[in-house]
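Below: a set of structures, written as structure tokens.
Next come two complexes built around chain A: one with chain B, the other with chain C.
The block that comes next holds the complex of A and B.
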């Protein structure tokens, strides 16, 4: 049974449909990537899973439970955590306070342990634990955003463009970290513009075009598919 | 003479500060200018008066019930007028107009029930007065300041020292990120409105006691002052609202004492404008750190 399943999910802004009968599955232990051009509906898909955006029809299942249009708090409680597009850290809180916020729904006595785990994952955050998050560099903010999400002990981690605006070297670092998080037992659904890197690092992928899933296969297959190469791998290899 | 003005100014300023805190908290969390905040102040004073008479002159019982009722009024303002707008993603201006409308509803409701003439208000805890040098200090003034500063202390403990306070501060920085942490945004907002109602009620009651009179326009008067106080201190910054309220109170009484009572508001606002010219974010306001 899939950990997450979207069944014919449709969502719209005003009377413009931005998600059209999306079917998508993420199995436990997988890294699944969602690729697509700007405006294809990737972020909207993530937001719909989180209950930040309500869908007009269709169902969202998590671990066999119907969670369609539930409150975001319920999603977090059940173990779905989103690292939103553009990081969205709390700029006036220190790194440490940001991490504490990530464990908002968890018992206080578990916070220290989780914080240790996050600091091991991102030693750089530990060095800067008292710095205001708003003064971190883009890459550090991304690490903080992911670290903060990990503080919630997600079963399913949703990452919306974690490499946005980062230098190639840091992008590799981010993907290493994603792999590492998977080995810790967290399932990952990833949205990426860097289709090539993303596909190399995932099990399966979906291709979204103007709100519709047009391709869906093992990452390896899509990596070698001419259609995908043409549309999503900018420039020469 | 100056000492006397400062004492009087601190007294009235601390009541401005209380109302201003509520105003600035709502602004901090929602980026909403709550015009109805000052109506809650008037409402609170009237509730206390009404309950004082209804309970056969039990002041503290009346005050307690009034606090609860005004807190509920604050809650209802959000729950029934503003929450719907948020859910529908209405523009900020719609919320602003709604609070203006609610303010008129509150004011006119009270006018319908009590009439527009001012009512005399009992000073139940009139314990006389004493001298500092040749300045006269009444115990009412002492009580007002003690109550106001204790409330401010309690509030800063809540905001800066509790989990709920942390939830409020995260919501004010980034609503969506706060939601993604699992924070119940609607409860945070409801709590903020309840607190602002309670503060307004206590402030309104104390001012009623101080002047021994209340009238329907008392809200409108203080509305401008608290608005100014919040902006002077830096909107959304709690200590800013306190300092802003105190400064406005002191300037106003000094202006009234040394220049003319008629110019007190004009002078207070002139100073506000001058401060803003030099520091547009207010005394304690910071420039918004990037939201990325």
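The block that comes next holds the complex of A and C.
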């Protein structure tokens, strides 16, 4: 059974319908990517899953439960955690306090263990644990954002454009981390502009175009599909 | 340099707090001039106002230009209750807090989603609306005539009438304010409030209920503004709408920014300095406002964050503990007067 399932989800901002009957499934242990141009509705899909944006119709199922339009708080408690777009760390908090905030809804005694796990995952964060998050480099901030999300012990991690504004080398590092997190038993739903790297690192992918899912296949198939190449790789291949 | 100095402050914060408390308790016994004591009481009242405004503006990140409105609401509540219904101070002070707090929630509800300039405008307008209501609601507020002969406060039969007694009443209220705000900010609620300031989207994705914490801060901040209002009304014995205009709001905001947004120690410095400077400059008569202005401009050029805006005492303390000790730990814990 799918861990996360979206059924005919529609959502709109005012009069503009942004999501048009989206059907989407994420199975346990997978990395699934959503690709699409700007304004295709990728981030809105994420926000709808998190309950940050309420959908007009359709259903969201998580682990067999109906979680449509629940409070974000409930989503976090159930184990869905979002890493928002553009490395949104708390700039005036120290790195350590940022991580503590990630475990906001969890009992205090579990925080230390989780923090150890995150520090093992991102040793660089440990070196900088007393530094203000706003003074970290872009890559480190993205690591912190992912680490903070891991503090909530997610079953499903939603990553919104983790490669935004990062150098290619750092992007590779981030994606290695994502693979590593998957092996720790976390399912991942990814939104990416950087379609090539994203597809190389995921099992399946959905292609969104103006609020509709137009393609849906295994990642390798899409990577080699002419349509995707034309639209997203600019015919460079 | 400032950071090093603040690290030292943080290292001995218990001793320093104690010393400051002792000195503030001694002042009214060493100084007998009613003029000086009056300035002290006003400064303490401003501390309460600035601390509460700092909670809203510096800690939650909502730039409020209407804090004087809550100050006025508290003042009028206390004044009306004590003149018309002869209520004692143990009723008027809490009532002023509750009424101001309720208005804080009322203002908070529709403005939750507003940020930056839009929030500024709404709070400014709110302050103006309150002033106009106070000016025109003759039956209740006596409009421009103001409310006169407000009785001095009495707590459970304990009359407070001399300057010295007012000094200690104000001091007690300042301590109450500090304890409440400090405890909130040191708890998980405080973390959530700061997280909302730093990044609302990220905070919400962590499962923090933004709505709840914003309303809480609005309520607490306006509560304490109301408390300061009650003190003001029953201290001066006369209030009228001119004391609660946008001018007062701006003055408070300047104090917050002078001390440093989000820094509670800074709020003390800002409130005290900017309450005392205008009095010190009184002898210069015509040039007073000019010099006051120049001081502010220079500060904004030299330290745009305000005096302590960039200082986080908690982190300074943490970093200080991690620092390797050059002298094997002799210096730490040594207090300045014991140094050989």
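FYI, the second predicted complex is superposed on the first by the 234 of 237 C-alpha atoms of A that agree within 3 Å, B and C clash if a C-alpha of one lies under 4 Å from a C-alpha of the other, contacts with A are read in each partner's own complex, and residues count from 1 in each chain.
The criterion applied here is as follows: a residue touches a chain if its C-beta (ideal position, glycine included) is under 8 Å from a C-beta of that chain, and two chains touch if they have at least 3 such contacts.
Worth saying up front: this structure is predicted, and the values here are computed from it rather than measured.
Looking at the shared chain after the overlay, A:130 reaches chain C, while chain B stays out of its contact range. Once the two complexes are overlaid on the shared chain, A:117 sits clear of chain B and of chain C alike. When both complexes are overlaid on chain A, the residue A:141 reaches chain B alone and has no touch with chain C.
By the touch criterion defined above, A:72 reaches both chain B and chain C.
By the touch criterion defined above, A:215 reaches neither chain B nor chain C. In the superposed model, A:94 makes contact with chain C only, not with chain B. Common to the chain B-facing and chain C-facing surfaces of chain A are residues 50, 52, 71-73, 76-77, 81-82, 84, 88-93, 97, 100-102, 104-105, 132, 148, 152. Of all residues in chain A, only 50, 52, 71-73, 76-77, 81-82, 84, 86-93, 97, 100-102, 104-105, 132, 134-135, 138, 141, 148, 152 touch chain B in the complex they form. Chain C meets chain A in the complex at residues 188, 191-192, 194-195, 197-199, 201-209, 262, 312, 315, 318-319, 322. By the touch criterion stated above, chain A contacts chain C in their complex at residues 50, 52, 71-73, 75-77, 81-84, 88-94, 97, 100-102, 104-105, 130, 132, 145, 148-149, 152.
Those residues of chain B lying in contact with chain A across their complex are 163, 166-167, 169-170, 173-174, 176-184, 289-292.
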